[in-house]
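The following pair of complexes shares a single chain, chain A, combined with chain B in the former and chain C in the latter.
The block that comes next holds the complex of A and B.
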C-alpha cells in the first residue's frame, strides 16, 4: 500500500506551460521601451542570435529575450540577460535597427530593479 | 492629328504601355537606355508561378513593339521632362529636345547590388552568386560551382537588400520569396541529388498559385525551409560557403556549409529613373520609388498633368502586375488626351 502511494501517476500539479498574457509582468517592457524605443522594432529574424559571440556556447538569445519581455514572461530569461558580453555584433547585423546591446543592458538593469521593488 | 507620347524605358512596362497606346492610334516614341528592349525580364529563364519560359513573354513583347505607331530610340536616356505651354518638353541624354502631348515614366528597377551586403561575401567568395546569375546558369543548361563541382547543397538567402535598414531599404521587394521557391524547385529538378535550403524571414506568397508552389516545393521536391536571417557567410578551406543563421523555430543558432549560396537580391528605384525624377521635380517616397498621386485610385498618375507612371518605377511588382499597371497607364493617358 505504501509502495503504491509513493508511485507517481502523473496527476501532480505541474507548472502551467501556458503564456497567461493577462498575468504577464510587462513593467520590464515598459522600462526598456521608455529608454530605447527601437526595442519595439524587432521582427524576430534572429540575425542577432545567429552571429552572437556568447550564443554559440551559452543560452543567450537576443531574439527570444525580446519576445519574452514583450509577453511579460520574465522567469525564463532571468539568467540569460546577464550573459551578454556586450560585444555589439548584433547591432551591426540587425535589419530593423534595434539597439540590441542597449536593450540587453536595460533588461538586466530592469530585472535588478524588479528584485529591489524599484520598478 | 495623332497625339505624340514619349515613354522613358523599353522594358515590360514601357513596351506594354506603348503597344496599348499604339493600338488606340497614338504615336509613341520609346526612349530606351540600353541597346535592346525587354529590360530586366530578358535575363530570366522561367517565370513564377507556372514556370513558363520567360522567352514566351519576351517574344510577346517583341511582337507588341513591332507596330507602325511605335518608334524606339536606343542607347538614350530621358534626362528631364518639363511643361512648355500646352505641351511637354523632354530632354534626352543625346542633347536632343522632343515635344510630346503626354509622357510615361517606365524606368523600372535596378537590382540591389549584392556586394553592399558585404557580410554575405558576394564578389569576395566565388560560390556566392545572385538570383539572376542562377537564371544565367539555368539558361546555360548546367549548374556548377565556381571550381567546377556539381553542387551537393545549395542555399538561398531571402531578403538580400530588402527589409533591411542597414542598406537603407525598408521595403519588401515582393517577388523574391516566390522566385526563391521557383529556383529551389528548378535546382532540385536539375540535380536530384542536391539538397536545397531556403533561409527566410517570412514567406510572402501573395499571388495566385504562389502558396501552391511553396507547398509543391515541400511536398514534391523536398526543399528545406529554415526561418532565420543569415547573419554572415564565410569561405571554408574546401571552397564551400559556411552560413550562420538562427534557426528561430528551434531557438538555437545553426551553422551549415553549402556548395553554392544564392542571394535573392531585391529591387531598388533605378538610377536613371531617380535622376529623371530629381531633374523634373517628380515626388518620390521614402522607399525612393516614385510617389503616385493616390495609392488606390490613381496609381498611374504623377502630380504633373500629362506625366504618368507605369510599372516598377513606382514599386516592386511581378511581370503580371507590371503588364496590368502599364495598360492602365495607357488608359489614363488616353483619357487625359481625349479631355484636352
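The block that comes next holds the complex of A and C.
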C-alpha cells in the first residue's frame, strides 16, 4: 500500500537502500572511537580498500566496514573484520591519517565482545 | 666491645637485605625451567663464571657502557658504585688491620672512625686515612653530579630523567644522605679528637672551632646509620634493587639464559635489574621527535613491577630496538614488551608497596583471544623455480623496487619466480608484532606451503620485515636472503656488474634489518661498488627509526612524520645526493618528508647497470641456472 503511495510521488525506496538510524547498534562505533579517535577522520575514499592484501583473496572492504560500523549495521561485516592481515598497507595509503588497521583490529575485538555481551 | 645503640638501624637494614636477597635468588632459581637451571649451574661452575666476574667489574662497578653514552654520566655512576665498593672494601681492611680485633662485624668497618677516633696519627695509618678521605671525596663528587642531574639533565647528555614513585624518592633521598652524613660525622669526630686526613681533618678542625664537635657528632652518626638502614630496607621495593639483582642477572645471561616468548623467573629478574637510569628515555625517538614521554622501556618495567596498567605503554612503541642497544644493564627490552603484547586483556591491580616485598608474585598470564581467521585463503598451485622472489605488502606500494629487482634478476640471468606478483599473502610479521602469534601461524603455514612446493633453493625479499619473519619463524628448507645480501652475492660472483656512479650517498639502516637481523655489511658492500658512501652521525647499531614502523599500533600519522623528518635531517646533514635504504617502508616514509631523493638499494643497483642488452642475449641468460651459486653461498 505504502509502495503504491510512494510511487505517486515519482520515487520509491529500495529496501536494501534503507538506513534506519533508530535500529543502528552504535556500541562498536563507540568502542572504536574511544580507543582510536582517528576513526572519525575517515571520509570513505576507499584508498585502503584498493590496496588491501587480504582483499585480493576475499571480500575485505575496509571502506564498507567503516561505513557500516558508523551506521551501526553490524551483521553484514561480521565476517569481514576478522579477515584483516594487519599488514599496514592501508596505513600508508590513507590520506587522512586514520590508524586503519588498528580500527579493523578493534572492530574484530568489539564483535567478539558483542557476542559475549560485554559491550 | 661496648654496644652502641646507633648502629642498630644499620645492622637491621643490612641483615634484612642480605637475607632477603639470598631468599629471593633461591626463589627465582627454583622458578627457572629445568634446562635453564642446568644452564645456570653449568655457567656458575664453568668458563662463563670468569666472564661474569669481568662483566660485573666492567659494568656493575665501572659502568663502561654508560661511559660510552656520556663520559660525565659514566663518571657519576662509576663514582657512586665503584667508590662505594672501594669504601666498603678498604673500610673492612682498615678495620681488620687497625681495629681492636680481626674479623669484625660489618658495623665496625662502616663506623670505623667512631670506634677509633684517634686513628691515623702517623705512618701507614695516616696514608690509609688519606686514601679513605680520597674515596669519600670521589663519591661526593659523583653525588654532586647526581643532584645536578636531577635538576639539569642536559648537562649529562640526558634529555629527560625518569619520573620516580614515592618509594623511589624516599630511597633516593636516603641514598643521597648517606655520604654527606658520613662526611659530617667523621669530620666532627676527627675535629673533636684532632685527627683525620685532608678532608675530614680540615673540615673537622674548622667545625670544631665554631661548635662543640664532640656533642654534635652522635647526631650525624645516627643520621648516617639511619639513612643506611632506610636505604637497605627500602631496597627491594625501590629501583635500587637493581644493585644486587644485576649481579644475578649477569650470571644468568652469561650462562646462556634468554628471555624467550613467555614470562618466566628470568623476566622477573630482568624487571628488577632495571635501574631506571633513563638512558632509554633519552634515546627514544618517540620522546625526542614525537614528545611522548611515558611509554619508554623504563616505564614499562616500572609499571610491570608495580602492577599498574601497561596496556597503552605496550602498544605504543616502534620496536626499533634502540633502547635495547644502549641499555647499560643489557635487559632484553624488546622481548619483554613482546611478552606483554602476546598476553590478552588483563585486570591490572596496583600492588601495594608492602606486597611488593612478596617473594612470589602472582603471575597472571592470559592468552590473547583469537579474533582473526584466514580460512578463506585458497591453496594455489606453485610454480617451480630456483629462486623465489617475495616482494611483500610494503614493496607492492613501491613498484619501482619491484621493477628494479626484475631488472637485476634478468641482468644476472636468474631463473626466478615472483611469488606474490598477483596478490600474495602477508608474511605474518605484523600479526606477530601485534602479539597474535596463533593467527600469524595461519599465514606462515600458507606461505610455507607455497615455498615448499616450489622446490626453490633460495628466497629473496626486499623487505626486512618479511626477511626477519622468514628467517626466524618459518620452518623452511630454503636459504632466505634479503635483497641486499642477494645483490652482494651476485656482484661478488660476477654475474652482476654495476658501474660506478660518481655521487655521494648515505645509507640508512632499517631497524628490522640492522638491529633486528644483524645485517650491516652487505648493504654497505653493495653501495660501495656503485657510489661514494658517506658516514652519518647515527648509523649501524645506533641507526634511527624512520617512524613508519608497523610495530606501533597507536602512533598518529603526524607524529610519525615528525620522527621521519627529524631522522632525515640527521641523515642529510652533509647534503648527500641520495639517501639509500634497504626497506620499502623506510623509503616510503622518508620520501614524504625528504627533499633529498630517497632510494632503495635495488633501485640504485638497477640504475648503475649497463643499459639493456640485445633481446637475444637476454633470453639466453634467462635460462641460466642459479643452482650452483645457491649452493656456493
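Brief remarks on what is shown
Everything that follows uses one rule, which is that the second predicted complex is superposed on the first by the 102 of 119 C-alpha atoms of A that agree within 3 Å, B and C clash if a C-alpha of one lies under 4 Å from a C-alpha of the other, contacts with A are read in each partner's own complex, and residues count from 1 in each chain.
One rule holds in what follows: a contact is a pair of C-beta atoms (placed from the backbone, for glycine too) under 8 Å apart; a residue touches a chain by one contact, two chains touch by 3 or more.
This one's a predicted model, so the numbers in the text were calculated from it and none came from an experiment.
Shared-chain residue A:56: touches chain B and chain C both. By the document's definition of touching, of the two partners only chain C reaches A:105; chain B does not. In the superposition on chain A, A:114 contacts neither chain B nor chain C. Once the two complexes are laid over each other on the shared chain, residue contacts for A:93 go to chain B and to chain C alike. Between chain B and chain C, more residues of chain A are touched by C.
In the superposition on chain A, the residues of chain A touched by chain B in one structure and by chain C in the other are 51, 56, 92-94, 97. Residues 369, 371-374, 376-378, 393-394, 396-397, 422-426, 430-431, 434, 436, 443, 548, 550, 553-558, 585, 588-589 of chain C are the ones touching chain A in the complex.
The touching residues of chain B, counted against chain A in their complex, run 119, 159, 163-166, 201, 227-232, 244-248, 251-254. Listed in rising order, the residues of chain A touching chain B in the complex are 43-52, 55-56, 61, 63-64, 92-97. Only residues 36, 38, 51, 53-54, 56-58, 82-89, 91-94, 97, 99, 101-102, 105, 108-109, 111-112 of chain A touch chain C when the two sit together in their complex.
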